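Below: the structure, in structure tokens.
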Amino acid sequence: MSEMQEGRTLPQSVQESAAAYGIIREAFGSAVSDFDANETMPFFEVLETERWQEIALFMRDHPKLRFNYMACLSGVDYPAEEKLGIVCNLESLGEFGHRIAVKVKCARDGGSIPTAAYVWHTANWHEREAYDMFGMQFAGHPDLRRILCPEDWEGYPLRKDYAVQESYHGIKVPY
Amino acid sequence: MSEYFNNIKTGAVTIATGMGITLKHFFNAVKRKGDAGIDDADYFRQVDGLCTLQYPREAIPTPVNGRYRLHNNIEDCIGCGQCVRACPISCISMETIKVTPDDLAVCGKTSDGQQKKFWVPVFDIDVAKCMTCGICVSVCPTECLVHTPVSDFSEFDRSNMIYHFGNLTRLEAEAKQRKLAEVQAQAAKEKQAAAAKAATDKAQAENSGQ
Amino acid sequence: MQELEVAGQGSVRVSRKDNDVVVIEKDLTTEEMLLSMGPQHPSTHGVLKLECMTDGEVVTSAEPYLGYLHRCFEKHCEMVDYPGIVPYTDRMDYLAGMNNEWAYCIAVEKLLDIEIPRRVEFIRVIVSELNRIASHLVAIGTYAIDLGAFTPFLFCFRDREHILSLLEWASGSRMLYNYIWIGGLSFDVPADFPKRLKEFVDYFRPKAVELYRLLTENEIFVKRTKGIGIMPADVAINYGWSGPMLRGSGVQWDLRRNDPYSVYPELDFKVPVPDGKFSVVGDCLSRHLVRALEMEESLNIIEQCISKMPGSEGFDARAAVPKRVRPKAGEVYGRAENPRGELGFYIQSDGKSTKPLRCKARSSCFVNLSAMKDLSKGQLIPDLVAIIGSIDIVLGEVDR
Amino acid sequence: MSVSAIPQISLPFLMGNSLNAWSDALAGLTISWFPLGLVIIAAIPLVFIALYALTYGVYGERKISAFMQDRLGPMEVGKWGILQTLADILKLLQKEDIVPASADKFLFVVGPGILFVGSFLAFAVLPFSPAFIGASLNVGLFYAIGIVAIEVVGILAAGWGSNNKWSLYGAVRSVAQIVSYEIPASIALLCGAMMAGTLDMQQINLHQSGPYGFAHFYLFQSPIAWLPFLIYFIASLAETNRAPFDIPEAESELVAGYFTEYTGMKFAVIFLAEYGSMFMVSAILAIVFLGGWNSPLPNLGALALYDWTSGPVWGAFWIISKGFFFIFVQMWLRWTLPRLRVDQLMYLCWKVLTPFAFIAFVLTAIWEIYVP
């Protein structure tokens, strides 16, 4: 909440997000990072990745949060930190209207993030897509298969170190 | 039971309504839509009736700002290469040769009076690849690269889809290249000579100074 | 009536319990048949594949398979600079290119923090509402075809043609516009454009009524769609549904109203939601109805824009277009109300490059389609077709 | 208006007064042992089906649908695209005749044949003119209803033989649909037969003859006749798999239903059979309720319109025009309406058409007994 005291007036939507973050911080303490109150996409990070599912459920069901709508879940590669991550844009649709983004990170090789597919159905396919493109595992996902690429595609295309395979079933790939 | 009869009634009524609409269109088939373009003031006064236009003979006219086949007025092209860099799909390929000082007059100026400094022997646009986004046109400083409203330019051979706009033939280009190389070699030699001369002059001056 | 229809389904009884569990009861055990629907099937709207397990005509489960039209949009974005991505967004949901461009530009403009000229905003509203009508026309037309009515489809396309002509006149291109640029427009609309637009609105109003009478009110159409594929509001939200799909479930949620952007706060329009009189809230008919009513609202918006739009004197459509788009380091999630729902772009910029570090498109169809597995459980094959049609997917956006 | 009160009208044209004069004469024509006349009689409906399917069935439907949808329709081959159907036939003839590897070859080949024979056999009892009928049966109507059921066998053979899931779905749907709709259709026709007191098609026509033209048609003789007329029309749509009951070939659901796997001439035969049965049901509708080959024009004093427009050739003209009119209505419906679902189709048949058909049956009986 330190950003709030800096004197700069933040837009109302960011203040709302900050208030929502306050509740989460209270409940989870050091499991979540400080709040990044930028104007374009205010977010916080889940530091203890294995508690993500718990936090997600809390965010969805807490009577003052009610983040019932997951707008987007994007996989992201952080080559500098040797990590992969997801960014979830959450919103309390039709109830409070506040929005917040959550970042969850995992190790770049063989990393795993608890699934949120049982919390928001939206996450189901988006996690499959993130897995397809980045290769992180989603622990407990009901059906973790590739979704856009073929099942037998090699590598994870959106990783920054991705090198395209030479041929796919005898078809030359690099164009 | 009343729901049962209501269902039959609404069914019959709505089916009859629908049939009335189609029959109206059936009898309206004596009229045909005209082929005025959208930029014509009477456009919406001629849209009643059968709307098919038989394509190769009749077509919806493309408005004048239609953004289709790329065209380059090579006379105005200064060979800056902005379009090549801007194209998201790299469908433009370009080679340039610097104009030698004595050729500047031959190379000429653009229509707005800017001196052209490059020969453009190769300016190829693969219109088969081009997605007519118009980004290249927007960056062109001399407005020589334009999208024309010509929308139908199909070819039987794919190689015909590569449009060549270069203003030199291959032989000419080679000649210009040689000339440039000569001029550059000359310039380099002169520069070298000048440098050497300067050095000797300096040495002499130093010598004479002593 | 409803019971009779359920009983008509033969050896299989399908019921939906309160807690959203579909129960399939069978009198006789029969062997289930695996039916592969698509990717080349007339009513999967492109290259969607559904692997259905069927018991007679009843689909006991359907698993969608995507990716047949995957064109690596997100990978491309990391290779192309910011303005160069705009034409690629056109190709995602190719039925509503203007709306896609706009959503993307909203995201980038948010990151750049630039002021957009007022006339540009109005023109953006006009073109994207036009495109919304065009897109809904295709949705309604193809839905009619899915249910076996061919004529409304052609009526829809006839009218869409005029919209495409209008947009071509404005932007120079018929489908893939690249008209809305980051910070502006590629150029101003022609001088006569508002006048022609007005004529179009006058032309289209009666046609929309005719379409409504021909298709939406038709008893067979109602019977085919009413009560089919019901999605309760809370489940719809949990599935991340948006746009007409969510409104069909009775949630009055429209980004133009609830997360207003551009000049929408100044415009007066309704957000139609089904009232449950003509349709069952959340069924296929509601979703169709929302689209049909939204066209009317779009016409209203266009009319208001024509009268409110500032004049073109001294107007430069590219005045606010940055010479070189290099946003500060940061992330943004920008979104806009597309004909198919919320189209969002998550963009990550490192502050140095002119290319985004990561650009993720949250496509509405992708999310809407993910409910297909749940919706299709226990439906008849014709109903499955009706449900796919009502989701109104564009595979270009699903697979990106 | 009693049926017997109508005098035997004279048929002034060409060949005498008696019914079936042409066909009787043709039947007697043999060259040594070869029954050439019978072959010609059989060939006439066949040629008729082919010609009508070619012109009105395909080209007409394409044009009608186009006009209803604000389109032009085929325009390229010949003036106004008149030769388009010929071009299509040529294309179909050239096509490779594919039998899928996993298909049941015998059923696959035999299916379209049975289908066509089924619809063609019914033409034997259709009176094309007062002077021409393929086979003058005293149970003509019954025969026509019965023989159409053979189509079901053809459809099932085609659908099962294709060894394709969509085809199977189409075939099963089609069988269920046709068998179900036989019931209201037959009962509705029975009402007509009851009014005529005979099942002989020529006799039914004859009973509707009279100088007042259309006033003698059953549809205008009794108001109750409208009910079986409508029921039979709706049921006939279902029997010929026309929209809105085209669920066996429902394009958007079952790709093409039972003929998904067919190409070339086999496909053409299926198409021909479909158009054949379209005309067949329309003609039956015209015969039973709208006077068949009788002219609808009444004699108005000195304007003896009825007499001028009666005769064997006029008769052929009238019955074909009436048939074509109903085919137009079929097309009109097809290009207006969405498609029903399977269970709704059955609902309509068993819960709406069948009870109403029974009611119509009883009412007609009462009408026939108590109304002179």
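We just call them A, B, C and D in the order they show up, numbering each chain from 1.
Just so we're on the same page, contacts are C-beta pairs under 8 Å (C-beta built on N, C-alpha and C of every residue); 3 or more make two chains touch, one makes a residue touch a chain.
This one's a predicted model, so the numbers in the text were calculated from it and none came from an experiment.
In this view the innermost chain, defined by its CA centroid being closest to the centroid of all protein CA atoms, is C. Here C-D and B-D are compared, and the pair linked by more C-beta contacts is C-D. Centroid analysis (C-alpha atoms only) places D farthest from chain A. Averaged C-alpha coordinates give centres for chain C and chain D that are 45 Å from one another. Measuring from the averaged C-alpha position of chain B to that of chain D gives a distance of 60 Å. Look at where the CA atoms of chain A average out and do the same for chain D: the two points lie 65 Å apart.
Between chain A and chain C, the centres computed from C-alpha atoms are 25 Å apart. Residue positions of chain D touching 2 or more other chains, listed in rising order: 68-71, 335-337. Counting only residues that touch two or more partner chains, chain B has 15, 18, 21-22, 51.
Of all residues in chain A, none touches two or more other chains.
With chains as nodes and touching pairs as edges, the resulting graph is of another kind, matching none of line, ring, star or complete. Per the contact rule defined earlier, chains pair up in contact as A-C, B-C, B-D, C-D. Only residues 64, 66-72, 75, 332-333, 335-337, 352 of chain D touch chain B when the two sit together in their complex. Chain C contributes residues 4-5, 8-9, 33, 35, 41-43, 57, 144-151, 154-155, 158, 214-215, 218, 220-221, 223-224, 380-383, 385 to its touches with chain D in the complex. Listed in rising order, the residues of chain C touching chain A in the complex are 66-67, 70, 72, 74-75, 78, 110-111, 113, 234-235, 237-240, 251-253, 258, 330-333, 335, 342, 344, 346, 348, 358, 360, 362, 366-367, 370-371, 374, 399-400. Of all residues in chain B, only 3, 7, 10-11, 13-15, 17-18, 21-22, 37-39, 41, 43-44, 47, 51, 60, 62-63, 65-68, 86, 88, 131-135, 138, 147 touch chain C in the complex they form.
Against chain B, in their complex, chain C makes its touches with residues 1, 80, 83-88, 151, 158, 161-162, 165-166, 168-169, 171-173, 176, 178, 186-187, 190, 192, 196, 199-200, 202-203, 210, 213-215, 217-220, 318.
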